[in-house]
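Just so it is clear, A, B and C label the chains in written order, and each chain counts residues from 1 on its own.
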Amino acid sequence: MKYDTVIGLEVHAQLATRSKMFCGCATTFGAPPNSQTCAICQGMPGVLPVVNRRAVQFAVRAALALNLRVNAACRFARKHYYYPDMPKNFQISQYEEPLAEDGWLEIEIGGATRRIGIQRLHLEEDVGKLVHEGDFATAASSLVDYNRAGVPLMETVSRPDLRSPEEAATYLKAFRAVLVALGVCDGNMEEGSLRCDANISLRPRGAAQLGTKVEIKNVNSFRNVQRALEYEVGRQAAALEAGERIVQETRLFDADRGTTHSMRSKEYAHDYRYFPEPDLVPLQMDPAWVESARAALPELPRAQKQRFVTEYGLPDYDAAILTESPERAKYYEDAVAVHRNPKAISNWIMTDLLREIDDRGETLVTRNVPPGNLAELVTFIDNGTISGKIAKDVFAEMVQTGLTCDAVVRQKGWVQESDPARLEALVDQAIAGNPKAVADFKGGKTAAAKALVGQVMRASGGKANPAMVDRLVQEKLSRI
Amino acid sequence: MISRQDVEHVARLARLALTDAELERMREQLNGILTYIDKLRALDTAGVEPTSHAVPLVNVMREDDNRPSLPQGEALANAPDRSGEFFRVPRIIED
Amino acid sequence: MRTIHELTAAFAKGETSPVAATEAYLARIGSLDARVGAYLTVTSEQALAAARASEARYRAKAPRGPLDGAPIALKDVFCTRGVRTTCGSKILEGFVPPYDATMVERLKAAGAVILGKTNMDEFAMGSSTEHSAFQLTRNPWDLSRVPGGSSGGSAAAVAGGLAAGSFGTDTGGSVRQPAAFCGIVGLKPTYGRISRYGLVAFASSLDHVAPFAFDVTDTALLLGAVAGHDPLDATSVDVAVPDYVAGLGAGVTGLTVGVPDEYFGSGLDPEIERAVRAAIDVLRELGAGVERVSLPTTEYGVATYYLVAPAEASSNLARYDGVKYGLRVPGGKDLIEMVSRTRAAGFGAEVKRRIMLGTYALSAGYYDAYYGQAQKVRTLVRRDFEAAFARVDVLAAPTTPSVAFRHGEKADPLAMYMNDVYTIPASMTGLPAISVPCGFNAAGLPIGLQLIGRTLDEATLLRVAHAYEQATPWHDRRPNVE
């Protein structure tokens, strides 16, 4: 392609507070419409906002983890536009004096590390939810639910440092991992806890000047960020090839069709009439407090990955996958804490567990197979209670039923046969019943021993300890 | 001086459907007031900090505790139009 | 009519009772308010229920304090749970708040009996109460004249003997000016002294809750009942509230009264100047020092105020859109049309004018020249006062340049705005200021003396006002509206 892609992401993260940004209403997802509102978040006459301290603490924590400079003072401002999901017809946000500025997040892409700049981070309140009666364009009316109005949001604006849709998705993943590790956002994208708008422009390869930028809204999963941007790269490149001009506009991503379409807004610049929120007073950040917050930051995903390599002796590849999400990393460490076989547990997570997760969703699988249960499974293999082969079936059963490894093995009678006397009897039978294999072996075909082992395994219903069977077959054959 | 076009733009921003006569009267009155207000430009305020509050306060925050929400019925009681558990508004056309 | 402190003392002695007093006020409202037009809503049943509860407390010898059983009125700008709240505007048609303003809660907790909600200029924008969407309020001293505004209903209620005390709001003078026009006391405390939670916002950085009363003692009682920190108002000040009544009577000896030159310039009615200078002489005779001071930025006050207040109002009033509460004009082709028609029909001319002015002042390209500049000028005004208060303890000046004018007399918006010239500076600086009666003109219309104090020093202000009041006969005069 003859074009460079330039992408910047604006991410809105819902902060994991108990109450809303400016009032005491709960923030629980999925409550009945308009059941989590009060006079304040409904913007009734006479009400006043008061800042949620924890929201500020969370934003400071995120700012520090993302290497931003926490401003000595910040202030809230009113941003005005009329829309019925916004009860006051202005949003309390931050404008000229945001909470933090000028940071970065490192991402790994194709084995290389890229540092993506973050321009600013600020606090604001969410708006309500609109439901259209029928299709948006033709709906006779729309319905409003203000439960979400006033929920605390943290907006971060990246610099236009991302160079491909894949980088954008990687940035978003890394960003989410940091917030979840900090405990400031649950990262649940299906429930809208993390929402993303993307700005994208193309410019001739090597050109210094940026092309006309298009904003894409409604891209609320990693996959959709990448899909929407890939579509947009193609669309813009084709338009440029055809000699068309790119229109600065806002486009909506249609996840079903995998395309973006113009929101066809009348193109007049918004006039938000920002001014300092007179009902709130400035926030001043005590430097000592900021430093103590910095000192209290938990381990972040990239440091964690490094530690997994050194502490558990894992390959880079394993460590990267295990630390992709804080939940996964914690799962891994919880399992290793029960049974210290880091590589085996890593293998199980990276193959069997993740495959099941792809099919069934993370929460279901990790609920049915908590880390202690996986550790038990690996313990059973390591101490010879079950064979590696049977273990696959045991695991599938654990996922299905939520039972422990021990319970599955008992229930199914899958305990490995390791009794030397009984195994010897089975081996003797196999040798007696397969003179040809014995002859082949004696004739130098060592592979013939494998056929005898297979015989024993079959005869035991797969439960025979394969290492012991192997050793017994070798011993017996050598004595013949 | 504020023009008729400015007045129309501001009325649109402020969501006020004004008649022609009202727009014209508004233009005259706003011009009168703005002319008077222009005396402020004469004041040298270079380097002067703005005053947003009479008594300067900082860091006024509340703890992250829940307070009871309004019961749903009360939350919707003042709605000029509603549909079940929702407030209802006429069709939205993007502007 | 008795003052609140006289009335509740009589309750305690059993000379009369809260129920009898409330019934008497309700009867008086029933017979006289058609003439005065002070009330928009009279809450008889709730008032009588509160009076009965109060009476039971007196009988049990456990009244809640000196406001228990006092019949008072509230400007219809304070949210009252279960009682319609209109702000004098059609746009709030049918709105019944699900909550009480903090000051309403505190008044109820003090045992006060709320008689009803009083008329006002729509959204507190005006100086005559003529901008109410509902009715005209008349000045009890001369029914052909305005009571002042925007809290005209609350002022007329007290002056006309239709409430023992009342509350209004003062954004640019909306309590001090009607107090002066109606011959009663009106106190605008320091910004942040009384919670604004539940006060329907006009201009957030300028709005103050403010009491009206017959005398300074009642004013001190009313202030004390509602003052103090409120966690629901981030701009409320977290400092202890002194016992204002106990501080009265200490006299003025040792205090210095400043007389600002700029408040006695052209445009001041000579009869008012004479009355105010005479009042300053009384303070001197009572033992106060008197000094001339200068507040050079006074002439910029009105211009500054008419940028800051409309800008904030244009924002605060954006929420009235026919979606969540209040008026909706149906039938538009889409949402924008519905909202624009609702606002056009729901707001009166003065409110629209200020929304337009404020929207313009905040819009792209004008912020720095208008709102930004105005907020800087506020700093200059504050510095003027700081310099003056380095030398004096209180400032004495007229409250208004003229006495109560006739209905319809000030049709030009700018002429109306100029009426606030002496009250606006204390609004913009948040300084406490009080208007006390200081005489009458030849036509028998009241004149107000304005005293302005240091930040959070309401106590000194009340002390000086009380000393003056006790030395003069003005507060004993009552108009006859019967």
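Assume contacts are C-beta pairs under 8 Å (C-beta built on N, C-alpha and C of every residue); 3 or more make two chains touch, one makes a residue touch a chain.
Keep in mind it's a predicted model, so treat the numbers as computed, not measured.
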- [ ] Indicate, using Cα centroids, the chain positioned nearest the centre of all protein chains shown.
- [x] B
Task: Highest C-beta pair count, chain pair - done: B-C
TODO: Calculate how many whole Å lie between the centre of subunit B and the centre of subunit C, each centre taken as the average of the chain's C-alpha atoms.
DONE: 23
Task: Distance between the centres, which are taken as Cα means, of subunit B and subunit A, whole angstrom - done: 40
Task: Centre-to-centre distance between subunit C and subunit A (centres being mean Cα positions), rounded to whole Å - done: 57
TODO: At least two other chains touched by the same residue of subunit A: list those residues.
DONE: 39, 42, 44, 50-51, 82, 84, 142, 144, 271, 273, 278, 280-281
Task: subunit B, residues touching no fewer than two other chains - done: 13, 15, 52-53, 57, 60, 62, 70, 75, 78, 87, 89-92, 95
Open item on the list: Among all residues of subunit C, which ones touch two or more of the remaining chains?
Closed with: 95, 98, 205, 231, 234-235, 314, 318, 321, 323-325, 335-336, 339, 359, 363
Task: Residue ranges of subunit A in contact with subunit B within the complex - done: 17-19, 23-26, 32-39, 42, 44, 50-56, 73, 82, 84, 130-133, 136, 139-146, 263-266, 271, 273, 276, 278, 280-284
Task: subunit A-facing residues of subunit B, complex - done: 13, 15, 52-53, 56-70, 72, 75-76, 78, 83-92, 94-95
Task: Complex contact set, residues of subunit B against subunit C - done: 2, 6-7, 10-11, 13-18, 22, 26, 29-30, 32-34, 36-37, 39-41, 43, 45, 48-55, 57, 60, 62, 70, 74-75, 77-81, 87, 89-93, 95
Task: subunit B-facing residues of subunit C, complex - done: 94-96, 98, 190-192, 205, 231, 234-235, 237, 297, 299-300, 302-304, 306-307, 314, 318, 321-328, 330, 332-341, 343-344, 347, 352-353, 355-357, 359-360, 363, 369-370, 372-380, 382, 413-414, 417, 428-431, 455-456
Task: Interface residues, subunit A side, partner subunit C - complex - done: 39, 42-51, 78, 80, 82, 84, 87-90, 142, 144, 269, 271, 273-275, 278-281
